[in-house]
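Please find the structures below.
In what follows, chain A forms one complex with chain B and a second complex with chain C.
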Partner chain A sequence: MLLLQLIINGIQVGALYGLTAVGFSLIFGATKIFHFAHGASFAISAYVFYYLYAVLLVWWPISILAACIVVVVFGVALDRYVYGPIQSTDGSFFTIFVGSFGVAVVVQNLIGTVFGRGFISVPSALSKSVELAPGLYVAPTAAIAVVIAVACFVALQLFLGRTNIGIAMRALSESPALVRTFGLNPKAVSTCAFALGSLLVVPAAVLTSMTSGLNAAIGGRVMLISVAATIVGGVGSLRGAACAGLLLGIAENLALWRFDPQWSEAATFLILFAFIVLRPSGFFGRAVNS
Partner chain B sequence: MPSLRKAAVLAFSLLAASAAPVSAQDLRIGAIFPLSGANADYGDLYMGATELAVSHLNEAKVLGGKLSIAYEDSQALPQQGVIAMNKLVNVEKVPYVLSAFTGVSKAISTTAARSRTVAVNGGGVGPDLAELGEYFWNVIPLANFEVRAIAPYLVQKRGLKRFVLVYVDDPLGQSIKRELEASLAPLGGVLAETLSVPSNAQQFSGIAARVRDAKPDVVYIASFGAQQSQIIKQLRDNGVTQQLASYSGFAIPAIAGLAEAKGALFTTQRIDWNSDDPVTKRFTREYQAKTSRAPSAYAANYYNAVLLFGTLAASLRKAGLPVTGENLLAKRREIGTFDLVGGRVTFEKDGTIRSAMQINEVGGEPAAVETVPAP
Partner chain C sequence: MIAYLINLATLVCINAILAITLNFIMGYAGIFSLAHAVFFGVGAYVAAFMALQWTDSLLFQLVAAMLLAGLLSAALALPALRVRGDYFVAASLGFQVLATTVFSEWKSVTGGIGGLVGIPPASIAGHAITDPVEFFGLAAVALALVVVLTTAIVRSSFGRSLKAIRDSESAALAFGKNVALIKTLSVFYSTAMCAVAGVLYADYLSFINVESFTIDASTLFMAMVIVGGIGTVWGPIVGAVLLTLLPAALTYLPFLPRTEIGSVQQMIYGLAMVLLMIFKPDGLMGAKQGEA
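This part shows the complex of A and B:
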């Protein structure tokens, strides 16, 4: 029963990892910007939801909508006013990374100043597990996480495959000039990628605020998982990022079956190293041709 | 917002330091607290108490000059603690430094010994802290005493014999594990499972499954800061209904305000907040008025640490001796016993204090459910 419990826990955690990783992968795949502040987007949306829903007692759909708006504005503002100016001058990968890292640090400290650096959580009956079978406990949030992750991923695939802006987003990573040829503005497409990628962290952030709880430094962990899942899934592959997120969540939990919890986090890196060595292109990544 | 209050205290201290004329008689001590990061709540708690003690000493005018504290941020990390200690010793040239957290305290102890600067711990409880040399003092009973107080209570009085330990893998967690292993068997208890977690871990649903699988009567949590709240919440959310127990790390407002922690038992040194002794009475009354918080053992410890310095420095000044680390140590040995919050305290040869302990219940009325005499 312990094994089954750990698999179910892993699927819940993995679904949330997958959603976050897909957002990061979408932004990185379309714009080639290493958006380190993706973890900050996660933290911002989680704290906005917490403040509105748990402190001001605002109705939950309004709280989630507000978290979506704030995080989209944050992502788009970063693209326009931080990454955009860097790209128009220096534009090097490292400079953009440092800029993004700086934003993440500032956001972490701002959240700590405003909300305190301690632990907070959103009280919810949805995070309380019920015993489905002897020794098997599942919380409603587990089912919600899986359903939302699948729904978001299907909607994203439809958007990217069936709409002009979605197709343009995929094209942007290949050739900005081609996007221009078709009468679209690469900057607008990039903005759309940031908006969508940032939006994808909201379900995971809201559910995490109920299950694991939050602290000001939570963005760092989110970023670590997002990068690992993007590499394991194959850079540029959203399907790969989603599957890798799920794999990492399950591996983290399955490691507890036979090993000390210290090995749980190491499982993420073991998988990462294994893919880097044995399959550098990831799950579904394309082979790199010279 | 705790951090805003902390920032205001820091800003006020800086302004006051720059505006007030500095006298040759003025005294400055150091404090290495976690002022940022996941454990900043502790630093905020400690500062409320140290600032109160400074104001009391300055009001009393027993030091011949003004006392002030130079605060440094350790983030509860040993490396940051060492940097802070070097600055306090070499730049600020303070004779007395307040320290917190087991790992940080151990890291700064060598600098304290080498520079003959007194370091006083009021928050870390790792038993190793008793072995850091004559310049390292503890005004808090260490974790070995805490475990030895709660283990018999849980096993013999509550009949909870099967323990699971969830501990952070650092010197504190390892020492609590050693103490539980040594204490439980003679009492008829058993440590059925030990689960160590990295200090930055945030997901504990899998740990909860392992805990349930071990079928414990009681789950002892040895962590600190934001992480221990996360552990409690996720254990409770994931079907762990057994009794929770811990050490004095639970004596913070975050745990008192956490619904899932209600009923958890934890140890602290014995302090009767309704005591008639004037030091305790004044601290209890004014700490509540100044910080809007109920007094806690941690707050009392850091108030005591500053008060101890005041007593020693006043004696040295009266004797016409300079306030140095060496003289403070000699004077502490000479005086031996001090009137502090909680009553009269005597230092052991190893620079630690022994005190009666109490077992507290989160949300309990009354909070203290058992008193254990000093060993």
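This part shows the complex of A and C:
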């Protein structure tokens, strides 16, 4: 029964990991920007939601809407004012990574200074567990997480497959020159990718604030998981990122079966390491060692 | 006041060794490691454990720390050979997270969160180094050796091969360079020298705990290299001096609460990294990068 419980917890966590990783993967795929500050986006939206909903007691839809607006503004502003200028002078991986990493460091410390470094969580009736079977506790958040993750993923696939801007986004990852020839502005498409990718962290941020809680350093953790899921799933494959996120969530929770909780992050690392050494192209991806 | 300055100078030397060794793999081999603090920690824990259990001989501690760190460096070299830069960063980040957990959980060796206290001073040929001025001398000599050795390697044919690999791996391969061997050796050298800094750190402070070897430390070392100027001889040293003196300087600002100094320091260098990348990606010493 413990095992089943851990698998259910793993699916809940994994669905949210998958969603966050898909956001990262979408940005990376379309713009080739290694958006290290994706974890910072997660932390910002989670803390905005926490502050409005749990401290100022704002009605929840408005709190979530505010979190969405703030995170989209953050992502688009980064693209415009940090990555844009860097790319116009020197677009190497290294400079973009350092700039993005610097942003992540600043955001983490700002949050730590403003909200404190301790753990906080948003009290909610949704995270109260119900005993479904003897010894098996499931909270409504588990079902919400899975439903939202699936819904977002299906919506995203439709968007990328059916709408013009979605198709442009996929085209951007193949050939920016072709996008320009077609009369579209690659900058505008890149802005859309950042807006959409950043928006995808909100469900995970809100649900995580209700279930396992937040601290100022959560951005780094989310970052590691998003990158790990992107690599394990295969770079450029959204489906891969989603599956790998789910896998990492389940593995992390299954590790609890035999090991203490502080080792659960080790599971993420071991899977990442195994994939990098044995299968660098991930589940569905192309080779990444060029 | 003199004691305070000597203390700062000793820490600057240790940090400069860390920055130089990190710059060696980042700037010349193109391996962006976010796990440098792991090897710093390995050096420090080896020295502390040996000093507490077996011997206070600095020589034995150095040899053991360098060997162990060098062996562990395989954990970095392996992914570095398999995937390109961006993915390697993630692997090193994961390695850092895992190592932090090991440092804080392997209580019989590392003392857990509390760390190891009362590390006896190291000795050279039976002479215990207890005087801070003498220790500063030791750290300065170590720094000078690392600078000379690293510069010599960078200017040798090995260093030129390394730069060739950084600039174009396939071209270097086509020229018959053994890319895998060269990369592995450079990671080995960098981490072994990094462990030297760890040994000095543990013997100097006589107290270590996991706080000094976390991702925050790795970030700080990377910031030193980047702020100073990646791939230059003086850049990492300048970066180490600036970022080591920064928290000391911040304590003179009366309106800053003591508990926030760490965070303000991180915000400053985080911001410095962003602004440098936008306006001057070569770092402060980057103007002379022509010969690098």
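Criterion: the second predicted complex is superposed on the first by the 280 of 290 C-alpha atoms of A that agree within 3 Å, B and C clash if a C-alpha of one lies under 4 Å from a C-alpha of the other, contacts with A are read in each partner's own complex, and residues count from 1 in each chain.
Note that a residue touches a chain if its C-beta (ideal position, glycine included) is under 8 Å from a C-beta of that chain, and two chains touch if they have at least 3 such contacts.
Please read all numbers here as calculations on a predicted model, not as lab measurements.
With chain A as the common reference, chain B cannot sit beside chain C without a clash.
When both complexes are overlaid on chain A, the residue A:Gly118 reaches chain B alone and has no touch with chain C. Residue contacts after overlaying the shared chain place A:Val103 against chain C, while chain B stays out of touching range.
Residue contacts after overlaying the shared chain place A:Gly213 against chain B, while chain C stays out of touching range. When both complexes are overlaid on chain A, the residue A:Glu265 reaches chain B and chain C alike.
Of the two partner chains, chain C is the only one touched by A:Phe93; chain B is not.
Looking at the shared chain after the overlay, A:Ala228 reaches chain C, while chain B stays out of its contact range.
The superposed model places chain B right into chain C at 110-118; the other stretches listed in 110-118, 164-172 or 218-226 stay free of clashes. In the superposition on chain A, chain A positions 109, 112-113, 260, 262, 265 are in contact with chain B in one complex as well as with chain C in the other.
For chain C in complex with chain A, the touching residues are 32, 75, 78-79, 82-87, 89-91, 93-95, 97-98, 101, 104-105, 215, 219, 222, 226, 230, 260, 263-264, 266-267, 269-274, 276-278, 281. Every residue of chain A that touches chain B in the complex is listed here, in rising order: 1-2, 5-6, 9-10, 12-13, 109, 112-119, 121, 123, 127-129, 131, 135, 137, 139, 211-213, 215-218, 221, 252-253, 256, 260-262, 264-265. Residue ranges on chain A touching chain C, taken from their complex, read 34, 82, 85-86, 89-90, 93-99, 101-106, 108-110, 112-113, 220, 223-224, 227-228, 231, 235, 260, 262-263, 265-266, 268-270, 272-273, 276-277, 280, 288-290. Put simply, chain B touches chain A in their complex at residues 1-4, 7, 36-41, 169, 195-198, 200-210, 212-213, 225-227, 229-230, 233-234, 237-239, 254, 258-259.
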